[in-house]
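The structure is given below, and queries will be raised subsequently.
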Amino acid sequence: MGYAHVSLMLVILIQASFYVLLGMGYVLIYRATRVLNLAHGDLMVFGAFLFYQGLVITSGSVPLAITTGILGAALTGAIVYLGLMRPLAGYPVAVGVLATIALAIVLRSVTTAIWSGQTRYPAEYIGQLARPIELVSGLSISAIDAVIVLTALICILGLPLLLRRSAIGVEMRGVSENALLAAQRGINIHSVNALSWAAATVMAAIAGIFFSLKVRLGPDIWYVGLAGFAPALIGGMDSLRGVAIGALIVATAEVLAARFIAPQIALAAPFLVLLVALWIRPWGLFGSREELERI
Amino acid sequence: MAITAGLQVSPTREIEGSAILTVANLEVVYSRVIVAVQGVSLKVPEHSIVTVLGTNGAGKSTTVRAISGFLPVDDAEIRKGSIHFRGQSIGGLPPYQIARFGIVLVPERRKIFETLTVWDNLRIAHVRNDKPSNWNQQAERLFGVFPALAARREQLAGYLSGGERQMLAIAQGLLCDPKLLIVDELSLGLAPNLVHDLMERIQQLRHEFGISILLIEQDALSAIEIADYGYIMEGGRIVFEGSPEKLRNHKDVQEFYLGSGGDGRTSYREVKQYRRSRRWWG
Amino acid sequence: MRYLNVLPSTLRTSYAREMQLLDSGFAKFWAALGLVLMLGLPFFLTNFWNAVANQIFIAILGALALNLLMGTTGQISLGHAGFIAAGAFTVAAFVTHFNAPMVITLPAALIVGVVLGILVGLPALRLKGLYLAVSTLAAHFVIIAGLAQYQASISYGAGFIISPPSLLGWELGSERAWYYFLLGVALIVLLLHINWLRSAFGRAWMAIHHRDIAAEALGIRVAQYKLLAFSASTALTCFAGALWAYHTGFVSVEAFDIHMLIQFLAMVIIGGLGSVLGAILGAVFVILLPHVITFATEALPFVNDIGGRAFEIQVGLFGVIMLLFLAFEPRGLAGIWARIRFYFELWPFKYRSWEA
């Protein structure tokens, strides 16, 4: 294995980490409210713009900007659930999906109306992002990439543990299985679900912040966020661990297509992989048909 | 509360004392047109077991949903009447608030979280402002009452048997610190000896936890055995009520709910005709 | 409680009347008057509004196709912008490579549609609800990416110019000629569509919509009918796409982005899922809305600064209106229309339970 192979694998790993962050957001929302959130990409953009706004206002203070982005995203997620998804509970699945599409275009036009369609580079505000960190001799990774991979790792390891062990995690799982019973046991299902939406939106925002620092920021990057549903579905919508595998598969296909075929095809690669995967195993690699033993 | 303390409250066989739950003249309407329950009044006194009997479609479940706050889910509403719990009106409140007042429902179906372990099923039912130590003590006590659950602590609840599910559901309900426990169809799908056993544990729990219990049942025979008072519902109304003795001695109750008595009628059609023509209180 | 919703005017006393499309003198009168009005309309419209009317006709075809799948058969499809693109590119390819006339390209678009429908429909035999929606959305992106690749290789990304076609010697050069052509096409498709829905096919699709397992138990071959619904829908969509290509005169992959998909979804949702009338009303509404917004921004001087953001506002408004309809009137414009009719037909009686 030559240097080129290893660096290609690093690129795949970074892309996969990015998909992990996005895919887990889809899974969190799906588990909580049985909705495939097609507005996830636009929530990601919105969160990233909040971060950017934070950077502009504080003239480059990263902690403050990240706090702005995360708090704003959490608030947005909770508002979306309480204001939109809660009233639509009990409607057929199609209605939920269509509602998120409608939400997506509303969010997109709001974002464009506030920040215009111009492309920006928040990385300009922060130095040293591209500073290479040497892993082994001859192989290095930029600081921002290292942070992306680390964050994804923390999420893969931490989130399932949180859902399995913590009191709020048990409540989330209970609500997602049987909301009526959870309500009867004194759990305020709406605040639990709002929390799930907030958490998922925060993850989307984090992914958006990373993307805007690494590549660029503009209303058109919603496409990147939308592609995140491919790893989520390949892994199985009700499995957080499945997302990691799905992300690896999608990232591999995408990076290889971009390197060896054509960039146009690479854009569609996640969806092509998804179509093939759904044809082979309609309920995902790790999703359970009976939905017994969720996480 | 220790067992002895509970025993001091001797089961009163007549309805008396302060009622913990009062339903007065309740009328519930589905989809704004279909009247499911009309003029239902019932009382649950403190530390008593009250049972509501009736066949399918009698309005039992609607009454339970009205009390526990689940009517809006099915597009139903309380049109008339009131529901008071310890002097406070609870009609129309959302379910989780009613649960926090101390009314806990063990539903008919889907009564446990199948994808959680037995222990998590109990953990999910905690009272917000309760001390953890208190909760642990309660849980251990429940494992004492239901040893079968203690053995399956770390198993997924989806793999429990029907009887164990019922026990888990009741245990879960009790951990919510209820003043009133409503059990919907305890007997559903269970073997008769198991039902008998569960009924006895219910009686034991009433003393140990000092709670009132409202049993919604089709299996009149076993429910009357442990109840202090009973109501019979038919067609959305309460048609008869009284002490267990009174119920047991009523000819029609014997005929239709206890499966005893009867004077030689054999054909089901005859029974149906009779039911349609006879009047209660007659 | 569906039976409570039957309009008094839809109750009939004989099978012969049940089979008639226009069953009363009243209905015949209005249909005839409508037709006369439609025939005379181009003489009162400017060239611009004539073109808008033509866009509406094409949109109606697309909306009917989507409604057949989503409203009648209950299979969510998020791939219809991709199918429109497939139809348009069929025309572009045939014109570019073979200089083929319209009598060849339109049937070719239909065939492409049937094949695509089977390809996309096959997974639908195994997938339901959410997963189906997602697989059709994935299909949309894959189709668009493939076409973009094709466009880049043939015309260096510039798109295809399609000159005005002629049909059996009749040159479709002006918007007015297009109007009469499209009016005829739309009427034929509408008639076929309505009759299909009234046939055994339509009833089978509706049964699948309500509960596919029960439909299967009743002897309906669910797999076959699902595939049929998919291929009929995509064939009609590709057909609409082909007409779109000819009418617009220019085909480029950028036109078929997610906004076109949203427009079609908006048509069937705002119009009312499962209703033919709804699909038509929805198409009219969605095509006219941008013009109404433009008109409003020009008429109101104090909102002049909106000018540059008209597109965002228009798109956002689509979203808001879709959300409002989803939340408050899932039966869409057709539901509102039925309610109005219901009110007048029952008048002077006020009350009758309306689906709660």
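In this document, chain identifiers A, B and C correspond to the written order of the chains, with residue numbering beginning at 1 in each.
Simple rule for what comes next: a residue touches a chain if its C-beta (ideal position, glycine included) is under 8 Å from a C-beta of that chain, and two chains touch if they have at least 3 such contacts.
Worth saying up front: this structure is predicted, and the values here are computed from it rather than measured.
Taking A-C and A-B together, the pair of chains sharing more C-beta contacts is A-C.
Placing every chain at the mean of its C-alpha atoms, the farthest one from subunit B is found to be C.
Averaging Cα coordinates per chain places subunit B and subunit C 53 Å apart. A separation of 33 Å divides the Cα centre of subunit A from that of subunit C. Distance from the subunit A centre to the subunit B centre is 45 Å, each centre being the mean of its Cα atoms.
The multi-chain contact residues of subunit A, meaning those touching 2 or more other chains, do not exist; every residue touches at most one other chain. Residue ranges of subunit A in contact with subunit B, taken from their complex: 90, 167, 170-171, 173-174, 177-178, 180-189, 291-294. If you check the complex, the residues on subunit C that touch subunit A are 70, 74, 76, 78, 123, 126-127, 129-131, 133-135, 137-139, 141-142, 144-146, 148-149, 152, 259, 262, 265, 269, 309, 312-313, 315-316, 318-320, 322-323, 326-327, 330. Those residues of subunit B lying in contact with subunit A across their complex are 68, 70, 73, 94-96, 99-100, 104-105, 107, 110-116, 120, 123-128, 156, 158, 172-173, 176. Partner subunit C is touched in their complex by these residues of subunit A: 36, 38, 84, 87-88, 91-95, 97-99, 101-106, 108-110, 112-113, 229-230, 233, 237, 262, 264-265, 267-268, 271-272, 274-275, 278-279, 282-283.
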